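The following pair of complexes shares a single chain, chain A, combined with chain B in the former and chain C in the latter.
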Partner chain A sequence: MELILDRVCVKRGSTCIRLSGNFHPGVHLVNGSVGSGKSTLALVAAGLLTPSEGSVTRTGIGSAMLLFQFPEWHITGRTVEEEASSFFVPSKKVLVRAGLSGRCDDDPFTLSRGELKRLLLACVLERQDDLLVLDEPFGALDCRGKEWARREIGKRRREGIVILCTHEQHFLPPVDWIWEFSGHTLACRGRVPQALASWTNAPDVVRKLVEKGSPPRNVTPEDIREAACRTPA
Partner chain B sequence: MIRIEGLRHRILDIPALSIPPGFSVIAGPSGSGKTTLLRLLAGLEEPREGIIHSCGRDPSRLDRGYVHEFPGRNGLFTLVSQEIASPLWFRHVPCDEVERRVRDVARSLGIGDLLSREVSTLSGGEQVLCALATALVPGPELLLLDEFDSHLDARTTALVGDRVRSAGVPVTVMCTQDMDIAATADTLVFLEGGRVKHAGVPSAVFSDLGGSCWYPPSWRCKEWNSSLTGSA
Partner chain C sequence: MQDPRLRLLSVAALSLAAFLAVQGAVLAFAWWLLTRQGPVRIVRSKWPLVAFLPLALVTIVLFLTGTGWFSYSARLAVVFLIAVYAYQDQGPGEFLGVCTWLFGKKTGFEIGLAGELGLRSLRFLEEETERARQAFLLKGIPWGVKSIIPVSVNLLFGVLHRASDQADLLVARGFSRGGSSCVRFSPAGGDILLTIAAVAAAIAAFVPLGEFFILIQ
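Here is the complex of A and B:
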């Protein structure tokens, strides 16, 4: 299973967002500053945006799913349960997973933003798509929601390709590769943990651990805590 | 100073709360009433019961700036420069002054190169910065920010935070899920189930939240290893 972006260019005014790279099964963390092209990558990877140049090849990928940055863009159901069903997943099970089993008959727009994000995350994670693209999945979640989300995303690590575009720095699942936008060009920093040394958007604590020669094994809070505690103060 | 008395509205039940001038943060779990409180402070909703006064006036009588978490909903104009200029146009500010103030605020937020772009082509984070510039450009007395930082990277959040604090707005109230930002507030209000669970300076509020995921990550790292925080 592989997603190949070959010299893809997406024009935005006079700017070209350049995307090249091979995405294998595992979790791919994608960082970049505001407007660098993360959401564009998400749309191209999910097949919702056709690039003006270059090619996108999906090998062994039978299905793809995108979680939008703005959860309201997903809503088509009149009730929370209808919304879950629209993803062709067992709605009751998903609502339990999202902690919303008491809200079946409510209008999705009456959910708080965090609740709506949990609902949609539970829906896309319940589907077993070969390619799952998550555009800012931690946005609008409180720390408990982020903790829940990172654990749920972590469960998908060995089940297809997960592209995780996020600014989140503290509540991350274990990831396999790190990608970053340098300007508007996507660059692969490599496999974790080797990639941590060249991760320019790394959280301060990770950067300092790398500088001290005690890099964490991965980017989860547990890995960072372990590295911090074994490093001399 | 914002003064709340006997507030009952939707989930909110706040007998009394004072938010002093400066930079205040409202934190708390999803669904705890943060956005509802912010909308009341902005005068976008009328409280069912109770009184909200800001600087001794009803919020709707103040010059307010409000940044929604999903600012794409609120845009009125096609171009970024027009969107940012709109509060000044509505106040009949002379055109040359409008142009100067729009340019200055955009530059201060690092979005000077976006002014000729169409709002609909902006990324989520760029939309937030455009909305923030629009809120700041008239020089509001009260600035309300609803989790706008959830769409920004860490560097941009730090830059924008500095700009907001130096903008000279007497009262800024921000909802955020970033407890490292909350730790820098002058006043922190922690809501749970529509009630004020904690309120005060961040060190006092977080001392009650130690051991929970609400504790600021940078403080936790410092406790693990004191050499890992602060400037390198």
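Here is the complex of A and C:
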């Protein structure tokens, strides 16, 4: 199973967002500043945006799903339960997973943005798509919500390709590859933990641990805590 | 066209020309082709073409009843085409700028603000419809007639929420009545030529074809 972006270029006004690389099964963390091209990458990977140049090849990918940055863009149902069912997943199970079991008959627009994000994350994670693209999945979530989200995403680690586009620096699930936007060009930093040394947008604590010679095994808070504990003062 | 004042004048002249006579509609259509931006923009975003649906229905009725359908439909189609061009060529804030320049800081600003909010809502609807289509596509639900009701309800609520937020924002910023719009208009050379052509088309529409040929003789 593989997603191949070959010299893809997407024009945004006078800017060209350049995307190249091979995405294998595992979690791919994509970082980059605001407007660098993360959401464009998400749309291209999910097949919703046709690039002006280059090619996108999906090998062995039968189904793809994208979680939009803004959760309200997903809404097609009139009730919370109908919305969950629209993803073709067991709605009751998903609502329990999202902590919204008492809100079945509510209008999805009456949910807070955080609740809506939890609902949609639970829906897309319940599906077994070969390719799952998450565009800012931690946006609008409080600390508890982020902790819940990173654990749920972590469970998907060995099931297909997960592309995680985010600014989040603390609540991260275990990831396999790190990618970054350098300007508007996507660059692969490599596999974790080797990639941590060349990760430009790495959280300060990760950078300091790498500088001190005891890099964390991964980017989760547990891995960082463990690395900090074994680092000599 | 860069200058929204010249665009407004051209659009008004061409709409009048197209509505008055078939020869005016032909000239207005030629002008639309001449702008290049008209055909290019309509190829990029085809959704404003839904405006032609009611016209198509009226044309069918006229055709079935045996009334002179061709002249009416051709003239109105060009009027719609010019209106679509005006909508697609317009940038944010231009309508407000033109209205304030034309009718002053009180009435002009009020008309401009109302129009500007309406135009932004149309663009909002355009974007939201595309996102709804993407949501249906991702979920594997067919995008068709059945999706019209849920999508329309969501869009309606979306636009109402947005209008309410915008109204609150205007009050919070201290808006009560009127205002000024500090827009600088910079007409390009091509704008002036296109405006002259549009006004000439409007004048030509008033002159009956027969008299025109007599004048030439």
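Here, the second predicted complex is superposed on the first by the 233 of 233 C-alpha atoms of A that agree within 3 Å, B and C clash if a C-alpha of one lies under 4 Å from a C-alpha of the other, contacts with A are read in each partner's own complex, and residues count from 1 in each chain.
Going forward, a residue touches a chain if its C-beta (ideal position, glycine included) is under 8 Å from a C-beta of that chain, and two chains touch if they have at least 3 such contacts.
All values reported here derive from a predicted model rather than from experimental measurement.
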item: Touching partner for A:Gly35 - first (chain B), second (chain C), both, neither; value: first
item: First, second, both or neither for A:Leu48, with chain B first and chain C second; value: second
item: Partner chain in contact with A:His167 - chain B first, chain C second, else both or neither; value: first
item: A:Met65 touches, of chain B and chain C: first, second, both or neither?; value: second
item: Larger contact residue set on chain A - chain B or chain C; value: B
item: Intersection of the chain A residues that touch chain B with those that touch chain C; value: 72
item: Residue ranges of chain B in contact with chain A within the complex; value: 28-31, 35, 69-70, 72, 114, 117, 121-126, 128-129, 147, 150-156, 177, 179, 212-214, 217-218, 221, 224-229, 232
item: Interface residues, chain C side, partner chain A - complex; value: 131-132, 134-141, 147, 150-151, 153-154, 157-158, 161
item: Chain B-touching residues of chain A, taken from the complex the two chains share; value: 12-13, 31-35, 38-39, 69-70, 72, 111-115, 118, 136, 138-147, 167, 169-170, 201, 203-205, 207-209, 211-212, 221, 224-225, 228-229, 231-233
item: Complex contact set, residues of chain A against chain C; value: 46, 48, 64-66, 68, 72-78, 86-88, 109
